[in-house]
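Per-chain numbering from 1; labels A, B, C, D, E and F assigned in written order.
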Amino acid sequence: MSGYFSTPKSNLAMRHRVGGVWKAIFFLSTAIGLLALAVLVITILDDVFGLVAVVDKVDRTTLADRPLEDLEKDELLAILDKKVSVNRLRTIQRNGGFTLDEIPAGEVYELVIAEVVKPTVEESYPLFDSLFKRAEIEAEVAQKHPDATIYFYSWLNQRFLTNSMSTTPQLAGVRTALFGSLWIIVITVAFAFPIGVGAAIYLEEYASRSWVNRVIQTNIDNLAGVPSIVYGILGLAIFVRTLSALTSGKAFGVEGVETGRTVLAAGLTMGLLVLPILIINAQEAVRAVPNSLRQASYGLGATQWQTIWHHVLPSAFPGILTGTILAVSRAIGETAPLILVGASSLINKDPQGIFSYFTALPIQIYNWTSRPQAEFRNIAAAAIIVLLVVLLSLNAVAILTRNRLTRRAP
Amino acid sequence: MTETLEKQHLAIETRDMHLFYGHFRAVKDVDLQVIPQKITAIIGPSGCGKSTVLRSFNRMNDFVPSFHMEGEVLFHGQNIYATDVDPVMVRQRIGMVFQKPNPFPKSIYDNVAWGARINGFKENMDDLVEQTLRQAALWDEVKDDLRKSGLSLSGGQQQRLCIARALAVKPEIILMDEPCSALDPIATLKIEDLMRELSEQYTIIIVTHNMQQAARASDHTAFFTMDEDRAGIMVEYGETNQIFTNPRDKRTEDYITGRFG
Amino acid sequence: MPRETLDRQIRQLQDEVLLLGSMVEQALLRSVEALRQRDVAAAQKIIRDDLAINEKRYALENAILILIATQQPMAHDLRLLAAILEVNIELERMGDYAKGNAKVVMQLGDSDIQVPMREISRMAELAVGMLHRSLSAFVAEDATLAHAIPEEDELVDALYNQTYRMLVEQMIARPEMIDHVNLLIWVIHNFERAADRVTNICERTVFIATGELFEMDTDDLEDIE
Amino acid sequence: MENQIVKQQVIRMESAEQLVIHKLRKRPRLGETFIQGFLFFCGAVSIFTTIGIVFELGKESLLFFQMPGVTLVEFLTKTEWQPTIGKFGVLSLINATLMTTLFAMLVALPLGLGAAIYLSEYATPRARSILKPVLEVLAGVPTVVYGFFALTTMTPLLRAIFGEQVQVYNTLSAGLVMGIMILPLVCSMSEDALSAVPRSLREAAYGLGATRLETAVQVVVPAALSGIIAAFILGVSRAVGETMIVALAAGSGPNFTFDPFQAAETMTGYIARISGGDVSYDTPDYNSIFAIGLLLFTSTLLLNVISRRLVARFREVYE
Amino acid sequence: MPRETLDRQIRQLQDEVLLLGSMVEQALLRSVEALRQRDVAAAQKIIRDDLAINEKRYALENAILILIATQQPMAHDLRLLAAILEVNIELERMGDYAKGNAKVVMQLGDSDIQVPMREISRMAELAVGMLHRSLSAFVAEDATLAHAIPEEDELVDALYNQTYRMLVEQMIARPEMIDHVNLLIWVIHNFERAADRVTNICERTVFIATGELFEMDTDDLEDIE
Amino acid sequence: MTETLEKQHLAIETRDMHLFYGHFRAVKDVDLQVIPQKITAIIGPSGCGKSTVLRSFNRMNDFVPSFHMEGEVLFHGQNIYATDVDPVMVRQRIGMVFQKPNPFPKSIYDNVAWGARINGFKENMDDLVEQTLRQAALWDEVKDDLRKSGLSLSGGQQQRLCIARALAVKPEIILMDEPCSALDPIATLKIEDLMRELSEQYTIIIVTHNMQQAARASDHTAFFTMDEDRAGIMVEYGETNQIFTNPRDKRTEDYITGRFG
């Protein structure tokens, strides 16, 4: 400091030093948060990809003189006929809803691998070990499983997406869970969106200050903070038990479903769970519409509904939409309530309608995570990636839609 | 001035009007007679109830749940607070322009057309839009692109758009609550000139914090202040020229010369 | 370009000033005519009409005050209004001179005094001409013209001195007429002062145009008044 | 002549008056009334939800407490929880919940507030516009993923540091990961509170010759304090109610212990475990989850109410 | 109570008016003294000092304009400023009368004309007294006092008539003195007009106090001027 | 006027000052010389850069990342933008009062004391608080309860509190950016009177939209406007009396008479 600004008594140097130290501390906090995110992502990736040591139950070379991949469809069918019992084949066709004649060679090949070759992963290694300690791994495998083949494997692959549940990690897939989650979401949105937006409009536009409305508002705010597992208990008690006639479809003459542990019950439970969040988000969007807009409308002699329909809703729509998508992404990731309303991770039949039993992505993750075998951890990680991708794309859609809508109506 | 006027010659007449928010009497006992096709200004210190009075003229206060009123507000001799009167209809006849320009986030065209449309206007909308934009002295500035958003205009233009929008509903009276307080001095003067032109066809009532504005732009001025119990009262009402050169009441004098409080 | 109201009102005021000016001009000219004709009735009318001039003066003053109070004029506008206020006062005073002349006519009655009508007429024409042009300059804010007019005052002064001498001679010749002659001295004096006042109007014109207030030189004998 | 004009005007106006009276008259708007009724119903749905929750929890809890051997006192004071053998001391579950919550908040509070201050007071608008959403991604990650993370990363990490005394399932790991999960919530809410403090207040401080730190800590943080506290409390509530992380990482099996390295089951973990299989209705197990649910519901409700009060107070000052 | 600046500036203006007033009073009284003493030097001084009066008048006018431009006075404040503007003009004119008297003194030189000193002194005293009190009333905004003062004008008028007659008699008696006597008539006329102008100041006082502008009655012979 | 002044007699002097937001030149080539212990007003149409100029005087613009400046701002002959000058120090010497009253949500006492405290004030704080509150003409209104929150005061009082707070740091110059635009006319006049008193000790620079305010309250006035490329330029600078009765520049005249734009 020079000239006029240098006062000897100034305490500024000290103050700037203290300021610098704390700035570093604050930055560190932020950095740790970011670090956590990074570690989380790495952990997952670490488990999804990596080396596996695989041992085939039946030696492939005994099945054909060429590599199995190169065989024609009828050759593959021949192998199946030879090695798999007729009953088993029938079961497979019934469960899958296809006949062997229809399906392409690729799928037949898959069947051959699954039913005949039956490869088992004896050992799987995380990504980073696989990359940096390949030699050690090879040595270890050579010693422990002399007849295993080692190759680099992505647990997240096409089969994983299209297969349904299986007790064999390599064969297990998330198709059923994915469909389950989608069904739940559709029901959730169909239930919660109209009611949520309606409630938000009621509270923001119509509600007077009467005690009824105050109670409603307070109630919604508090419901938003109720732990999801409590909703699960509620869903269990109401939708699964008390209303089981409705949720199992018995009341509508649907056969084959015994209890209320259906997609419908799960969707409704999720609907209740996201409803307060959706209402609050929508309320915020409606509230963000400047009052001046309403006044302008009323001042022109518009009725209340004209005002809402023509001005408030269009202006609030981007906000409502984002709010809804955010609420939905919450619903996709929720696990606890689904555990309570009885998602079963062992289901391998896609839900056929709202009265089906179901499983869902997070349930699948939960289930696989809590199993002891290492390979389930790998597919849990793969399922997590699927889940995160779904979430991120939903969010991306939300952001894009909002941007487009706001640009059009600035 | 007003005694000689027949009631059908008044644009708005209040009788023993008291305005309340809950138990708080915000405005006390106002007998105001607004002359048609003139500009009437309401001035007074902050919180004296100017806006409350103005908003009682087209029942905008209905949206404040705690609000209620006593007395009468006569429009064409009819009390607009009578039970069989529809406030929506009142607001069609008595338009309003607000403090902050608040165009709809729509095109300029739709801003003007919307009010007419919901009120069942069936004739040529293009003509109406052009005509009202001309009336609001905005046509020349926007005619090249009526599809542009109303929000893309400058503050002063937005306010004139809001005026055009109000005109399109064909009101008789236009209420303005500090219409220029968000504008710069030049835009303000433009709006004032516009008001002057409009007053040939419309009755205009304007609330303003800006005494100079009331002085410049109005024909009649009502001065409000608060009495001891914080209720707004009308102290003096008369020709603007008289109020600003020779007010009759000491409180008016103190206020307009800046010696109040 | 906003401020249409102010502009319109200022133009109205200027028109009013011109109107007042022409009323005064008329009054002055009519007072000469009344003197020429010894027309007492016309003189009475001039006196009555002066009331209108006074009223107009007050009305104008009031309008200016209202304009200042309500339109917050600044800079040029304000100078203009202040100038109109001053010109207004001057015009009213000139109206009084016409009234004074008219009273002289009434007091003279049909006395057989010799009125130097040619000179008085000439003085009146000169003074009224100056007034007329000064008001044109004023409204047009023409500083150049305004600067030129006061110079004509010399002509009026010369005429005044000449006529004064004539009247004094008459006094000496006819002492019984002294009272009446004195009245005629008032008359020529009134015109001389009227021309004088025109100078003030010109001063104001320069003031509006430039913002500078300065006294124009009229340093001559008649200052003994 | 003039009179005539006036008269004509009067007549014109009178007819206008007729018109006006006619025009101002109310007309019924059935559609609007119907819509309003429907909207009210939408608002009321949430009330039914609450009633449903309270009623179901209450009803089943009542059944629970009517079962032989269950008393409220025992429930709230005993530390052993073995419903199948008639031990109903919920303290072990509560204790585990509190421990995980404590660990979570020890992570989330300082880091969340620190990050919030950094983002709102130090980061450039550009940096903030990138960093904040990135942090919020953390908040959007489903909790089951955090459970996975706790199990596969945090626990091995703890074992690497503290050795074998750390059990595979332990409250510390669950708590720390829960802290990471709650951090973005605390950060985001605190940051909202901080940035809701009007810019003018900061400018006032800078204008008096304050440094950034003085402005942030002595002006902005106090001004946003109730909002920050609300964030903390909401964080606590979230931690108490969190299920999946503890279900996966804290261990299954009630255990009354203060050792963070030991496994211990929390209230939520217990509910999830019991209902995970096909519980048969009207067993002690089944009924007990309602009692615990009720406990959970009331405690989180209380926390939420407090938090909301604080936010409301905060809003009052600045809006 | 805000508006301290405006109040202070208005008070200053009023003080300036009083100052200007006393300058004018002094000038008038000194002109009488110079006449009594036939003191040409004193007369010259009066004429020089009139420049100061003129300057003060312009300064005051300018100050008022600035005040109007910068302080936006309204109602009473504005009327006060307008009144000061008018009074200011009147005072400057009265200053001119004193200057006129001084010029008369210079022109008279040591001529042996009989000056009715007693009457002129008395007129001057009366007029200056009226002026003084009118200014007090003006500053105090005392409408009652302002109403009373113009009535004194009658005294001045009476004295004027009386002195005028005396002077006319002297003219008749000594026609060679007519020019000089005429000068004395100017002098008494000046005082009579000064008293007249006081009426205008009183009018303004009433105007400030009540907001009503109306002409006070001064309908008497001297209007022939 | 200013040519005769030695530079050490100027409170602030700018030399070839250009102010930028990113690539946009908001203010162009200003050479302004602020006279100490006087009130200098900056007026001009919206967006002409008044606030930008004012905030460049105590480096408040540093907080706008895109901001940069060229030229010099001299304070006691030293360029406050020199690299070795600490902006914190500059702001201690050149205080600021903002458009909206912004007291800290602390007690009245702490509002005043805080600035002094952080700047290492060691003497009797009570005295300082009383003295500055007196200076700000607020003492009598608040002395009974200094523990009350600053936010509980009325708008005008809050603004005076903000002035007191600025004074407590003992600045030489006080910058005010439209300090009255959120206040009613009476509170406004009070602040103006206060400014007048303070100008005996402090140099005050005020930005105002309100021409009348500049006219009433300032000694010198700088008129800014925008040139064709929207950059702010200083058109005229002189005594307030002259600017408002007889401006030299046509653009100034048009602006103050309301004939601009």
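The rule we apply is simple: a residue touches a chain if its C-beta (ideal position, glycine included) is under 8 Å from a C-beta of that chain, and two chains touch if they have at least 3 such contacts.
This is a predicted model, so every value here is computed, not measured.
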{"item": "Intersection of contact partners for subunit C and subunit F", "value": "B, E"}
{"item": "Chain whose mean Cα position lies farthest from subunit E", "value": "A"}
{"item": "Cα superposition of subunit C on its sequence copy subunit E - rotation in ° rounded to nearest 5", "value": "180"}
{"item": "Reference subunit F; chain at largest CA-centroid distance", "value": "A"}
{"item": "Centre-of-Cα separation between subunit E and subunit D, whole angstrom", "value": "88"}
{"item": "Distance from the mean Cα position of subunit E to that of subunit A, given in whole angstrom", "value": "100"}
{"item": "Subunit A and subunit B, separation of their C-alpha mean positions in angstrom", "value": "56"}
{"item": "Inter-centroid spacing, subunit C versus subunit B (mean Cα positions, whole Å)", "value": "48"}
{"item": "Sequence positions of subunit D contacting 2 or more other chains", "value": "211, 214"}
{"item": "In subunit B, residues with contacts to at least two other chains", "value": "89, 93, 186, 189, 211-212, 215, 244-245, 258, 261"}
{"item": "Subunit E, residues touching no fewer than two other chains", "value": "2-3, 6, 65, 69, 72, 74-75, 78-79"}
{"item": "Full enumeration of touching chain pairs", "value": "A-B, A-D, A-F, B-C, B-D, B-E, B-F, C-E, C-F, D-F, E-F"}
{"item": "Residue numbers on subunit C that touch subunit B, as the complex places them", "value": "2-6, 62, 65-66, 69-72"}
{"item": "Interface residues, subunit E side, partner subunit B - complex", "value": "1-3, 6, 72-79, 211"}
{"item": "For the subunit B and subunit E complex, residues of the former touching the latter", "value": "211-212, 215, 244-247, 253, 256-259, 261"}
{"item": "Subunit B contact footprint on subunit A (complex, rising order)", "value": "208-209, 290, 292-293, 295-303, 306, 310-311, 314-315, 409-410"}
{"item": "Residues of subunit D touching subunit A in the complex", "value": "29, 31-32, 35-36, 38-47, 49-50, 52-53, 56-57, 60, 110-115, 117-119, 121-123, 131, 134-135, 137-138, 140-149, 151-153, 180, 183-184, 187, 211-214, 217, 234, 237-238, 240-244, 247-248, 268, 271-272, 275-276, 278, 281, 289-290, 293, 296-297, 300-301, 303-305, 307-308"}
